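Consider the two complexes below, in which subunit A is the common component and subunit B and subunit C are the respective partners.
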Partner chain A sequence: MTMHDIYLLSPELSLAGLATLVLLVDLIVKRKSYLFVLTIVGLAVPLGFTLALLGSLDGASMMENEGVLRDTLVVDKFGLFFKLLLISAVAIVSLLSIDYVKRFEQFQSEFLVLLMYSATGMMLMASTKELITIYIALELSALPVAALAAFMRDGRSAESGLKFLILSGISSALLLYGMVLVFGLTGSTQLDDIAERIATLAIYTDQPFGSYALLMGVVLMVAGFGFKITAFPFQMWAPDVYEGAPTPVTAFLSVASKAAGFAVILRVFYSAFGIEELSIEWSAIFAVLAALSMTIGNLVAIAQRSMKRLLAYSTIAHAGYIMVGLAAVSTRAGSGDSSLGISAVLFYLSGYAAMNLAVFSAVIAISNRINSDAISDFAGMARRAPYLSAVLAFGIVSLTGIPPTVGFIAKVYVFGAAVDAGLEWLVIIGVLNSVIAAYYYLRVIKLMYLSEPPSTDSIESGIPLRLAMLVTSAGVLLFGLYPTGLLNFVKSAAQALLSTS
Partner chain B sequence: MEFEGNGLLTLVVFLPLAGALGIALFIKRDKQVRYIAGAVALAELILSVMVFTTYDLSKGGLQLVDRTSQWIPIESFKVEYYLGVDGLSTPLVLLTGLLGFAAVYASWSIKTRVREYFVWLLVLQTAVMGVFTSLDFILFFLMWELEMIPMFFLISIWGSGRREYSAMKFLIFTFLGSAFMLVGILALFYSTGTFDMILLPDAIAQTELIAPAGIIFGLIFTAFAVKLPVWPVHTWLPDAHTDAPTAVSIMLAGVLLKMGGYGMIRVSAGMFPEVIVDAAIVLAALGVVNVIYGAIITIRQTDLKRLVAYSSISHMGYVLIGISSVAGVGGLVSPTGLTGAAMQMFTHGTITGLMFLVVGLTYEKVHTRSIPELGGLSARMPVIAVAFLIAGLASLGLPGTSGFVSEILIFLGAFPVYGWFTGVAVFGVVLTAGYILWMAQRTMFGPTIDRFSNVRDASRMEMVPIAVLIGSIILVGIYPSFVSDMFRDGVAGIVADIQRSGALAMVLP
Partner chain C sequence: MSLENFLLVGAILFSIGMYGAISRRSAVVVLMSLELMFTAVNITAVALSRYVLPAGLIFDPSTTSDLVTRSLLTGHVFAIFIITVGAAEVALGVAIVIMLYRNRETVFVTDANQMRH
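So, the complex of A and B:
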């Protein structure tokens, strides 16, 4: 490991270092809120390293992408895009937690530290090129989350943590089994080598994926990753875990964990199984899963009474929309722009991060004060907390996909990619789903703006939450009105992925 | 960023939005909110008149273009900021200015949550103006969707009766329609590589579409059909109208329905000349159902607003019949029917706008909309009664009012093509005369009722929008060509395209 390797890994290393630093400083300081300041300011270091790497990728000093540690890790624009997204998500979630963690008597710093360790794992997930490293990064990201989910130490939260731990274990087992099959068939754990071997394998045209072994391997890997992105039918854990976990952790799970899951899926499927014959087959799997996730998520969301459960089902539905972009594989792009599907996924993930975090900030700000997650307790909220309600309503409008928000552009873009790939049927299911979603999303808005409030006490929120809401809703509006900058960035990230593979 | 154009249309579209933002952020007192909204609406009316007078009919074509290609300049998702008007859209911009003005002044007596109300009303006007002037399909779609949220709030907060149900029903229907339209728009883009609504007709004719043209046509048409509304997707309209506040009914009937008709002419007929010719007979049949079914249901209504709402369904049927005349006779397409359809949109906008305005004023004064409880009001409120009668007579197509011009054009255009359908539809005029006169007789005339003895007539402020709308009804009735020439010029290109594609079909075996 040379100095240069350390530089290439600096975002992950500095984030893990920051986490350890926070843990140590916790032993000295009395006022725990300093730790949050340290975290949020300290996040500038990994952010700075990521931007520096991005800058040197654009310059001539480095190749388009560079392998680290015998090519198990890779630094390219695709990975760096996710690192930026994840660091931003951690920063926002830390802001959300400042008020929230006051209810914990102790372990306030550990909350932050676990969050950052998990994010380190997720950042590694976005840049791995080797199956075993993927597995390790995945575990690194999942185990802290299990502890975080159980953080409240009441019945609900403990159930949430345990459920996450067990189901995450099962999904890891499935994933490993899938990896073993792929390794057995190709004799390598390197994604590039796997792609090469698969190309030389005798393809039995009468068997899906050329051979049943590969089919089993791919399906098991989809199952393992599907857990991460809450795709149907691997979504059962999400509502219970989301409901029981501390709300900032729920926000982190629904945004960061999902983004990292999609990063791995894109990397594995485009690098290892990117050839045309295979990509058509796995795109069909994702298309079906997308249709089911959207439909089941939206239909079940209608009946929810708890805000957190509603958001859990909505996150399942949004996983479905994002998978529409996954199904729009590059080899089927009719317009000749092969990066369209990938960049649609990346754009949706960034937009989803902004809008979902905006919604969660407002929900946390409100439910901190009223001590309830029940949707009915949000009645008349517009009169008790006009600004919080406006942010929540704006985020929900964006989740529905109505302009002038990033949700609208993201929806149009992802459906556009699918139409381009010849998946009109999937797009029709998608747009019908957005109508179903409009019903339950707008019911929340209706409740906040039309119903009589049970009490007229106004609801105040602290500066950190206000800051989080300002940043996220500015993102929702800005990327909704002028998405070009972000679109260009995701496009170059998508092209980086295609050129790596 | 290079920007082409003089910015007049940009100002027209975004002035109400700017006003709304200004009110939302800086204005606290209700009185100030009203005056600022009123000033914005007046400025908007003046600007829309300016657009109308600036449009040079002798040159024709696309004018007042505001354009920059730097909005989303990505090759595989190239969206432009592109506004412009032609003969078809210019009068509709004027109509929106007129009714937006009327709507703001009809809202003077709103007492609850005044600030929010005017904010949403102005945002709504931006969205509708945007729909009529956008020439990039994604911008068009953005404006189309943007209109839903203000409407949802306006109906559900300031409405009456089952307002929350009606607002949700409106939203779900509209969203369902536009969802299908999105698929259609995307299919067109990924076939032709452009969202430019001016280039699209040719591009569609020259490229092989990724889905059959008939299916894409159907997807997009669904959105317009919901909006117009066409039977059987009309059911949201009576509910929304009945429960909406007066000003919102004016906007809904006056301009929002016209978005559907405008889309049908600009997109369905303009971009799919071959499909529309095949579908014309279906349109004619649906149009007749709209006219007759709408009229028969109207007769039975006892709620004034519901009555006007159903009469709108009936009148929008004429638009469909006018459009169906594009099928032509013996390979010859006449622009008369299409011009009539466009005219019907304009005239129905002003007439029904006035109608809802008067009904709203009546309700405000006597606190009931139930026809059996009303009677003899003309003695107490002569101005409102006269306005009511003028709107009614224009609605049934009395010569000298604008309603006559548009209906006669539609019948003249459609009769040679679908004689029987048109014949049945003409009978709708008789039904209209029936329900309008019967309603006027039951509410405004007859013996005076003591309960209404201290009912006041319209105030000066309320007379302003009434005068503006009556003026436009009479003006178009007496001198129709200043609007109809423009529409005729606007649809000429579409008719020529249909003619060409029809000729092509005859040459091919």
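So, the complex of A and C:
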């Protein structure tokens, strides 16, 4: 490992270092709020390194797609895009949790530390190109989350942690079996080698995917990754885990974990299974899963009475919308711009991060004070907390996909990519689903603005929460009104991924 | 012994583990079934690594001896990583099960159903 390797890995290394530092400083300082300041200020270091790496890529002082540590990791714009997204998500979630974690008293620092270790794993997930490393990064991101979900140490939280751990264990066993089969077929765990080898394999036209071994491998890997992104039929854990876990952890899970899952899916399927015969087949799998995730997520969400469960089902539905982009990626018909689907996925993920974190910060601010997350307790909230309700309503409008928010642009972009790839039927299902979603989303807004409040006590929120709400809703509005900058960045990230494979 | 024997043992073991993980009530047995699934993957990985010629050797005849060892051992390294991570997973799992037991006086996953909409 040379100095240059350390520089290439500096975002991950500095984030893990920051986590360890927070753990150590916790032993010395009495006031735990300093730790949050340290974390949020300290996140500037990995952020700075990521931006520096981006600069080196642009300035050509560094090779494009340079491999690190015997080619197990790669530094390219695609990975750096996700690192920026994940670091911002960690920063926002730390802001959200300052008030919330006061109840953990002496364990506040561990909460932050687990959050950061998990984010380190997610950042590694976005930049691996080797199966063993993908597995290690995946587990590094999942195990701290299981501990975080069980952090409240009461029955519900323990239940949530246990469910996450067991189901993530089952899904990683499926994933591993798939990986091992692919390894056995191709003799390599390097994604590039796998692609090269698959291209030379005899393709049996009477078997799906050219051979049953590859079919098994791919299907098992889809199952393993599907758990991460809460795609149907691997979504059962989401509502229970989301409800029982501390709300900031829920926010982190729904945004960061999902982004990292999509990063690794894009990387694996584009690098290893990118040849045209295969991509037609796996895009069909993703198209069906997308349609089912959207429909089931939205239909079940209608019946929910808990805000956190509602958001859990909405996150399943949004996984479906994003997977439309995943399915559109590969068909490669249409205008010939094969990176359209990938950039739609990336744009949707960044927009979703902004709007979902906005919603969650308002929900945390409100439900932390009224000690309930039942939707009916949000009645008349506009009179008790006008600003919080405005942020919540704005976030929900964006989740519904109404202009001028980023949610609208993201949906247009994803569905546009699908039409371009010849998946009109999927777009029709997607649009119908947006209508269903509007019903239960707008019902929350109606309840907040038109119902009588049960009491007239006003609800105050702390400065960190206000800051988080300001940043996220500014993001929702800015990316909605001026999406060009983000679009260009996302496009170059998508092209970087295609040029690797 | 041919490769098929090992693959078959792996597949059977994986299915037993999967069945146990889905059907058992006790969280401890579920964690044991998870280990069974990981073991099945390990058997498959090591067997495939022993019988399948690594891709690196096929494509580049002028490989260094370092690369040869590296490619030949991929499956074994994979297995070692799986064992290590599996151990960490079970350690965390047992900790959570103990916490659940302190709260509810049960280790049955079927009783862990407080959350229903």
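Heads up, the rule we're going with is that the second predicted complex is superposed on the first by the 498 of 501 C-alpha atoms of A that agree within 3 Å, B and C clash if a C-alpha of one lies under 4 Å from a C-alpha of the other, contacts with A are read in each partner's own complex, and residues count from 1 in each chain.
Here is the rule we use: contacts are C-beta pairs under 8 Å (C-beta built on N, C-alpha and C of every residue); 3 or more make two chains touch, one makes a residue touch a chain.
All values reported here derive from a predicted model rather than from experimental measurement.
Could you tell me if A:L470 is touching subunit B, subunit C, both of them or neither one (first, second, both, neither)?
Once the two structures are laid over each other on A, A:L470 reaches no partner at all.
Once the two complexes are aligned on chain A, which partner has more residues of subunit A within touching range, subunit B or subunit C?
The partner that reaches more residues of subunit A in the superposed model: C.
Just to be sure I read the superposition right, which of the two partners does A:L450 touch: subunit B = first, subunit C = second, or both, or neither?
In the superposed model, A:L450 contacts subunit B only, not subunit C.
Using the touch rule from the top, collect the residues of subunit C that touch subunit A in their complex.
Subunit C residues touching subunit A: 14, 17-18, 21-22, 27, 30-31, 34, 37-38, 40-41, 44-45, 48-49, 52-59, 70-71, 74-75, 77-78, 81-82, 85, 88-89, 92-93, 96-97, 99-100, 103-104, 109, 112-115, 117.
Which residues of subunit A touch subunit C in their complex?
My answer: residues 70, 131-132, 135-136, 139, 143, 146-147, 150, 153-156, 158-163, 165-166, 169-170, 173, 176-177, 179-181, 183-190, 193-194, 196-197, 239-240, 243-244, 303-306, 309.
Which positions of subunit B touch subunit A when the two form their complex?
Spelled out, the residues of subunit B in touch with subunit A are 70-77, 138, 141-142, 145-146, 148-149, 152-153, 156-157, 164, 167-168, 171-172, 175-176, 179-180, 182-183, 186-187, 189-190, 193, 210-211.
Show which residues of subunit A lie in contact with subunit B when the two form their complex.
Its residues touching subunit B are 334-335, 337, 340, 397, 402-404, 408, 411-413, 415-416, 419-420, 422, 424, 427-428, 431-432, 434-435, 438-439, 442-443, 446, 449-450, 482-484, 487-488, 491.
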